[in-house]
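Naming follows writing order (A, B and C), and every chain is counted from residue 1.
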Amino acid sequence: MKSLILLLSTLLLATAPATARATDTFITVASTTSTRDSGLLAYLLPLFEAKTGIEVRVVAVGTGRALKLGEHGDADVVLVHARAAEDRFMAAGYGLLRRDVMYNDFVIVGPKADPAGIHGVKRATHAFRQLATRKATFLSRGDDSGTHKAERRIWKAAGIDPTPASGTWYRETGNGMGATLNTAAELDAYTLVDRGTWLSFRNRRDLVIEVEGDPPLHNPYGIMIVNPKLHPSVKVDASRKFVDWITSAEGRKAINAFHVDGQQLFHATGSQP
Amino acid sequence: MPPAEVLPLVFDGVGLEAGGEWLLHDLCFRLDTGPCSVILGPNGAGKTLTLRLCNGLILPSRGRIRWAGSGGGDPAAARALVFQRPVLLRRSAAANVDYPLRLRGVARRERERRCEEVLEATGLAPIAQRPARKLSVGQQHRLALARVWALRPQVLFLDEPAASLDPAASRSLEAAIHVIRKEGTKIVMTTHDLGQAKRMSDEVLFLHRGRLLEQTPAEQFWQEPRTAEAKGFLRGEVL
Amino acid sequence: MSELSEAFRTAFQLIVELDPKLVEIVLLSLRVSFSALGLAAFLGMPLGALLGVSRFPGRHGLIVLLNALMGLPPVVVGLLVYLLLSRSGPLGGLGLLFTPTAMILAQTVLITPIIAALTRQTVEDLWEEYQEQMRSLGAGTLEAATTVLYEGRFSLLTALLAGYGRAAAEVGAVIIVGGNIAHVTRVMTTAIVLETNRGDLPLALGLGILLVLLAIAVNGSAQLIGEAARRAAG
């Protein structure tokens, strides 16, 4: 028995944070899983940390949850891609300030065999109408994420409400982008995905890009600092440094320089006020 | 050892009822310092129940149990009981003897001394460090005896000692009990084994169907008990 | 099938190369789950022992509740602890959210019922055997309960291993209160979720295999130590 206690205590001590970070300050950024999965943050953040010594801790969750974390004051900065929700966030007084950062784009992917015949279609709304008519299996995120909101906007613009068909050809996974793509690959289904996640996704099987480039498929990102009046614990100075950096010439250059498979994923739009 | 201050122990009209049934009826007797008292009787006579009453494990439904000294109350520290099936702790034999001594707050050096003493006297010294549960049944019974012996009780109760032992182990245990008796401890034991009762007793309390039929000095009892039931029991009849 | 064999190859490679990122994740996983185990044992064992020896009205209801709590879904625990630790919550001032401490707390909440319930069962069974003898030797209830707890140490070891297993395997609680932040709160299970979502199934499976190997190692050592102790104590 004594030896068991000894083993336990040794394990506890041995695993004590020997990996303590060198930096003292850190900020918590609530962002989305698709942003993290694209690999942009893993590329961008070390540049900022090296320059300022401020550690950036990213909590990657769904868009809805990221905004909630901002509302609750559990994050200092919110970086999402859901303009309407961001505006509501600011209007409700949860944010100190908001800036445009960048945009990437969505693509519609589907099976190589393309049973719905939408490959190469120019307009996203036309493609969606085709999918509905042919009742081709389409996976929706179904989770109020930025991707989901963009998808809903396109359905609305096409004049179609797919939700009554939920469970038949239109399936709402309620999952993150990666999990939804896994399912689409399994079922040979169509889905809407941001290019960043698509390029980093390793389990494509027979999925290919069917439709891309149409402006409604653009996906703009906004960054917001949580209002310190509501949550005094917000690290305003460090957060400002981050926001200023990511919208500065240097930050913009870094964003545009991020390539996957030889392709640029994000296009910086931010500018200093 | 000075005469037991907590004796005599007096049972005054003690009755015990459980589940609507009376198990003990109107027990009246007195246990004094000196004689080794053997409570004898067939199985189910109520011997174990009587012992449990003496040790405060159960309370009488009727009547009173009085000890001398300490205002008549239960002198827990002055008495000890060895169960018919003693429960030993999962540790060494020596640790088992040490345990109740520690509970009593005995100092370490004294504990070690008494431990060595009783283990020596019961012949368990060579296996003092062996796990208690690994000992033979006979050794375990001697260990159970040793650990209460170390407490230096004034009265030692034993419930069917050696009931599950072979003759050799049984004699071993009886020898140890003899030593304790010589030191001056009052022994009260139950048994249904006639041979053991004959060897150990100075007086016999004969129990039958929850009643005390007679309390007789040993010599007389073994020659000619006073009651018919006792006579029948000695003849080996089923009562 | 090829993914499975690739997974085994990946797992083997990971172990052999001792990738520092992986080592960091494994050490954090061990630290979080063992700390939770320690806390849960500290809270749960006395609670279980107390419940095992005492008799009071409502005791049975409490036992039923405790047993039911063993089946608490980890994600529910995660949500509850998040609400507690959130800046907008009652304990927000502590600033514990998204730290390993939050993860330890969540896992402690998760596994304390298991430890307590299994301890109660063991103690209650032993109590029947030991109670009278303990009383007769002069042990008060507290002393007797402590002794019985120690007497049952081999069964209780199983309870501890069950608790550890549950903590080490769960992801729902730690991902919500920890946030799966790289280098800070990423453990094996949350790393597996990450790699699964990125579609890197062989790596995810490989990490999973590693997790199982780790569990075998923990259980194996406990078994060895337990056996040795059992032989010594009988």
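Note that a residue touches a chain if its C-beta (ideal position, glycine included) is under 8 Å from a C-beta of that chain, and two chains touch if they have at least 3 such contacts.
Since this is a predicted model, take the numbers as computed values, not measurements.
Asks: In terms of CA centroid distance, which chain is the most far removed from subunit A?
Replies: B
Asks: Indicate, using Cα centroids, the chain positioned nearest the centre of all protein chains shown.
Replies: That would be C.
Asks: What is the distance in Å between the mean C-alpha positions of subunit A and subunit C?
Replies: 33
Asks: How many angstrom lie between the CA centroids of subunit B and subunit C, rounded to a whole number?
Replies: Result: the chain centres lie 48 Å from each other.
Asks: Roughly how far is subunit A from subunit B, centre to centre by C-alpha average, rounded to an integer in Å?
Replies: Measuring from centre to centre gives 80 Å for this pair.
Asks: Residues of subunit C touching subunit A in their complex?
Replies: Interface residues on subunit C, with respect to subunit A: 24, 27-28, 30-31, 34-35, 37-38, 86-89, 92, 95, 97-98, 100, 150, 153, 157, 179-184, 196-201, 221-222, 225-226, 228-229.
Asks: For a test of understanding, state which residues of subunit A touch subunit C in their complex under the given definition.
Replies: Listed in rising order, the residues are 1, 3-4, 7-8, 11-12, 14-19, 21, 28, 33, 37, 42, 57-61, 71-74, 176-179, 181-182, 185, 200-204, 231, 233.
Asks: Along subunit B, where are the residues that touch subunit C in the complex?
Replies: 55, 57, 76-77, 80-81, 83, 86-87, 89-92, 99-100, 103-104, 130-134, 147-148, 151
Asks: Can you check the complex and tell me which residues of subunit C touch subunit B?
Replies: Those residues of subunit C that touch subunit B are 129-130, 132-133, 135-139, 143, 147, 151, 232-234.
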